[in-house]
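Next come two complexes, and both contain chain A; in the first it sits with chain B, in the second with chain C.
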Partner chain A sequence: MNGPAQVLRILPEVILTITGVLIMLIEPLLAQKSSRKPLGWLAVLGTLAALAASLWQYQLPPGTAYFGVVQTDAFSVFFHVLLCGIVLASLLAVLGSVPDTTENLGELFALIVFGAIGMLLMTSAVELLLVFIGLEISSISTYIMAGFRKKSAKGPESAIKYFLLGSFATAFFLYGIALLFGATGTTRIGDIAAALSTGQVSGLVYIGLAMILVGISFKVSAAPFHVWTPDVYEGAPSPIVGLMSTAPKAAAFAVLLRIAYGALPLLHAHWIPLLWWLAVISMTVGNLGALRQLNVKRMLAYSSIAHAGYLLVAFTALSVDGIAAASFYAVSYAAMNVGIFAVLSQAGGFEDRLTSIQDYRGLAYRSPLLGGVMAFFLISLIGIPFTGGFFGKFYVFSAALHSGMVWLAIIGLVNSGIAAFYYLRVITAVYSKPAATSPVNEVPPASVPLMLTLFLTVVTTLILGIVPGRVLAAAKAGAQTYASVNGNGTTVASR
Partner chain B sequence: MLSDSILTLTTFVPTAGALVVALLPRRGRVIQWWTLAVALATFILSLHLPFHFDYTRHGFQFEENYAWIASPAIRYHLGVDGLSMWLILLTTFLGPLGVLASWKAIESRTKEFYFFFLLQQTAMIGVFVSLDMFLYYGFWELSLVPMAILIAMFGRNRGPQAAIKFFLYTFLTSALFLVAILWLYSKAGTFDFVELQSRLGDGSLALAPKALCWVSLAFLVAFAVKVPVFPLHGWLADVISEAPTAMAMVVAGKLGLYSILRFNLGLFPAQSREFAPWMIALAVIGLLYGAAVALAQTDMKRLVAYAMLSSLSFCTLGIFCFSVSGLNGAVFQTLNEGLTGSALLILVGILYERYGTTDLTQFGGAAAKLPWMATLFVVTTLSLVGLPILNGFVGEFLVLSGSFPVSPGWVAAATIGVILSAAYMLWMVQRIFYGPQSALVAGKAAGDLNFRELVTLWPMAILMLIMGVASPYWIRAIDGAVSSLANSQVNSVTHTVTNAAIPVAEVKQ
Partner chain C sequence: MHLVLFFIFGALCVAGALNLLLQRHPINSALSLIVVMTSLAVLYLLLGAEFLAAAQVIVYSGAIMVLFTFVIMLLNAGSEERTHGSKMAYLFGFPGVAALLGLLAFVFLSRSSSFGQAQLGEYLVTTADLSKVLFRDLLLPFEVTSVLILIAILGAVALARKEH
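Right after this comes the complex of A and B.
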């Protein structure tokens, strides 16, 4: 595809850029006192359009654009749709829970949209420098969002911590790219694979791989690069955490999948042990850490570390199985995590009125709907059948077993058994009688946008658990993109 | 035709009912009546099974088999044989009775209770009808959730702890079970039970014996927790004493025992035989241990819990002696346990509603005030201790006679358990109903069983009698299913219900 038509390959990004710029331009024109929520609805519209554009991209023949730096294929479109869906659900959750009087609300919507652009670019870029630019766009937006509650002590702390550690990790990632460039003379994913398949593999490649892995592990909060997670989740507003804990992670996993299976398939034997250990440590540290938490958001932070571990299990599998399982897991994790943080946003509000597990006692008495939905997402996080959480786990571990990783599967599933304990503690609290003076008694009835978020996430989780066929097929189609790379060492991209 | 979709209907009518419960208003007894209607409808639907069951044919009937997910290859495959059919009927029979037993006991938050109650029905029926390992595992795990939530919500005083204990015991062990299922799938490429069974059986799916041993152990442990088999019974007493009656009635026994029979014996006959001496030993230890602990209890619910442990161990014993009569006895005893145990729990629940305690030391001489109650309590007790003409006798006799030739020493010890069961049960009856009237019984103006309670209990008592005198009606279907399990290594053995069992150990020689 040449000439102006190339823009179709980045259509969702373009739409979101226009939306973000519009929000920034309109915001100063609004009266000082007027509500900024219409800007949020504008962002919702833009995201919907981007989602539609992504779905439309499925019809495009796979191929690259702009001198071969972006590639639209079943893989990138799959993640585009996922990311747009997450952003959409999170925007609705923000709209449903944020008070009208919040300062800088217009900027928040713009930041969400800009962050989304970065993430979309990460998943469609096949040039590592563009991946890096996308990563920076999305990271900087998330750093600012993490500190959005400027007045509370935890907000700035959360942002600074995230920023310092995050920029350190990005530096690792960039350094890794530089080393790969030094070793192979290119930063294009396809060319790297080609260069590695012909010549001697220099030691720099291994160091580069390790550095990239460190950078990505930080972004997906895999242990031992996870320390920022609980503090950041605790300090940021709940609906934002729902976004932060899913979308950037999904994008980073997409990048890792592309690099691992696209650029370095021949080093398979070298990165498998690394990811094996990363997965085991993440699952174990996440679950054991969560056992000790009394604060729900910190508990969910540790749980997200554990879930990053489950997802990493997929990387130890053979290519098609592994990529499909990882992609599917990213979807199911996103649905339930955005959902449960939407529940927290409603129950605790933007300002986190409810924090500890005890505070959630009796939520189901106060609001059967909210309590029931919360229990449903926790059940899905445990991995009970007929929910997306189960099928994701099932698929990941069956992929691992298929390539003979029996111990990894045993460790992983025993871990999921341990995890059941801390999720259950919350479920039983939600279904116990509340104390007379409990803050849970002041939980307001759910607003329409928030109900929409809950509806979207519940339905997605159920679909993934009961009739996952179509999503699985889409994930498999994405995975096929790399099957041929592994086979003959050349990319499938049509140049 | 109804026969083509009867299993789907029976399984999912309760779910549909549950969804309606979620929409019903919390006014009067609307929700109770609706749930009762749904449970009765499910029972009536399930009656289709025994009337259209072909008793002459082995293998699965009323099968439904559709592709569900293309890859991994998961099928929606349902079917019943003589083994699962009666267990489904037991479940659907106990459904309306569970509603009636909860009628007064559950006064607040009825919507949540009956919603989860109906969901639990679906999960349990689903376990019995699933012939795809994935589907089966789905229902198996699903059956934990409503149970745990209801125990947490309606526990008497330490509900949440009991719920978490129950959940973790079962969930942790089924994590390994899932690994085993997935491993089998990675080797065989199918989750279909029938296909797995035939391919493992005829050797076309050759797997390392050591690996198979681990796989079958993972299966066995997961099921044994749910029975429970000694020493995995730690959750039982807490759950029975905390859970609302309708949940306590269904929490133990049938799901685990059925799964052992279907999957352990069905898929891994050789490995199961290797474990058999251990399982027989554990069963007899559980039998005696449960009986001994029951003797020492002063709380009715805990006593019933240990009595259940003891009599469920009987079923385990019957299974692992691999003789036809032992297996028949084990299945029959599973049905008995479901029926008699439930009746006992309902009776204890009624006493608790009347007097607000289950502490045996506070009771005495209640027979004079509650004559009907005493009558039904005694009938149930006699069924549990195995009085001839009642159902318990048939099961115990078949198990003992079937297992004696296999391991005479252990079985001789087991008979002590039978004697002990008479001791603790009759002693409990004596402490509650006879002797001088205690201050509690004399002080409370508690009426005898009312109409609703009589309607709940009489069908059970009558069924105990019918199952005692007309046991062949049940056994002929069970026999067709279990005979293939007993003979899965020795195909030449033929038998009928009446002739004495031929223990496999003898035939082999």
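Right after this comes the complex of A and C.
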């Protein structure tokens, strides 16, 4: 695609950029004391338009634009739609739980929209420099959003910790790109694969691969690069945690899929053991860590480490099934995690009035709907049938079994068993009789935008759990448009 | 001649970086950073990247460091307080850095034959070549950087603004 029509390949990003700039321009024009929430609705509109544009891109013939820097194909469209959906649900959750008097609310909405641009670009970029810039946009916006609870000391603490460790991890990622460039002379994902298939593979490639893995493992909070997760999730506002525990991770996983299967398929014998260990350590550390937590948000942080581990299991299956399972898991995890953090935002508010599991005691008595929805998401996080979490785990573990990773599947299943314990503990608390002075008695009735978030996430989780066929088919189409690897280690360029 | 210059400025660069970490007063650290940036510029020049060297001096040693120094002076930052550091840093940090350095040095030295050769001034020498890459091949990343800078400004304002 050449000429001005190229812009169609980055249409969702362009729409979001315009939305973000509009929010920033309108914000100072509003009266000092007036509510900033209309700006949030503008962001919702922009995200809806970007979602529509992403869906529209599906009928474009697959191809690249801007001198082979971005590529639109079924894979990028799949992740674009997922990311726009997450941003939409999170914006509604913010709108539904944030008090009107919050400082810099307009900036918060602009940051969410701008962060989304970075994440979308990460999933469609086939040039590592663009991947890096997208990663930085998404990271920096999340660092800032993590610190938005300025009144509590935990907010700035969370932002500073996230920023320092995150920059350190980004440096690893960048150095990895530099080493790959040094070894192959290019930063285009397709060209790297071509250069590696003809020439001798130098040691630099292995070190570069390891460094890129370190950088991405940090972003998806895979153990042993997870230490920041509990502190950051505890300090950040709940609706923002819902966003930052799903969207940047989905984008980083998309990058990892592109790099592993697109740029370095020949090295799969080297990266599979690394990912095997990352998956095992993440699942174990995450679940054992979550067992010890009494704070709900910290528990969910450890649970998100464990879920990153489950997702990494799919990477070890060298097939279209593996990529499809990873993509499907990203969707099901996003739906339930955004949903449960929306429940926490409603119950605890922007400023986290409820923190420990004990505080949630009796939530179902105070608000049967909220308690029921919370229990539903926890059941989905366990992976019980008729929820998205079940099919997510099912596809991941069956992909691992098909490629002969029996031990990995067994370790994963044992871990799921351990996980059931701490999720059930919260469900029990939610359905116990509250004490007379319990903080749940002050939980306000849910607002319309928050109800919308809950509706969206519950429906998505149910659809994924009952009729997963269409989403799985889309994930498979995405996996197929990408170069796939067969068991012999030769690349099969399917387009 | 090249090799001599490389060793002089390479050593200067490392010494500046170490001094940056060891100094207690922020101003001294900022001044050592200037040494690092300027010696890097010389290293770029030795690699035949004149434009990059000039940009390094103007942007980093010039603009950014002046800003740094101004901010430090305006904030009137005192010298830092030393802590004992974390145990993790001693247990894992230093051995990790040493291992990484050793590994990289090993790969660069032992496998140097597999890297191939590049002539000085063969790749992206002139400003015209550079701008062709920047404004043609990498046009989109270049433009997207503006979003990156925008959110950095936005974030700085949002985090630093005083509560009413």
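Some points to look at:
Here is the rule we use: the second predicted complex is superposed on the first by the 482 of 495 C-alpha atoms of A that agree within 3 Å, B and C clash if a C-alpha of one lies under 4 Å from a C-alpha of the other, contacts with A are read in each partner's own complex, and residues count from 1 in each chain.
As a working rule, a residue touches a chain if its C-beta (ideal position, glycine included) is under 8 Å from a C-beta of that chain, and two chains touch if they have at least 3 such contacts.
The shown structure was predicted, so the numbers you read here are calculated from the model rather than taken from an experiment.
In the superposed model, A:Ile144 lies in contact with chain C only, and not with chain B. Legend: residue contacts after superposition of the two complexes on their common chain; A:Met451 is shown touching neither chain B nor chain C. Looking at the shared chain after the overlay, A:Ser432 reaches chain B, while chain C stays out of its contact range. By the touch criterion defined above, A:Ala159 lies against chain C but remains apart from chain B after alignment on the C-alpha atoms of chain A. In the superposed model, A:Phe114 lies in contact with chain C only, and not with chain B. Of the two partner chains placed by superposition, only chain C is touched by A:Leu129; chain B is not. Looking at the shared chain after the overlay, A:Pro468 reaches chain B, while chain C stays out of its contact range.
Of all the residues in chain A, the ones that touch chain B in their complex are 364-365, 368, 375, 379, 382, 384-386, 390, 394-395, 397-398, 401-402, 406, 409-410, 413-414, 416-418, 420-421, 424-425, 427-429, 431-432, 467-469, 472-473, 476. Chain C makes touch with chain A in their complex at residues 103-104, 107, 110-111, 114-115, 136-141, 144-145, 147-148, 150-152, 154-155, 157-159, 161, 163-164. On the side of chain A, the complex with chain C involves touching residues 10, 17, 20, 24, 66-67, 69-70, 103-104, 107-108, 110-111, 114-115, 117-118, 121, 127, 129-130, 133-134, 136-137, 140-141, 143-144, 147-148, 150-151, 156, 159, 182-183, 200, 202-204, 207.
Residues of chain B that touch chain A in their complex: 68-72, 109, 111-112, 134, 137-139, 141-142, 144-145, 148-149, 152-153, 159-160, 163-164, 167-168, 171-172, 175-176, 178-179, 182-183, 185-186.
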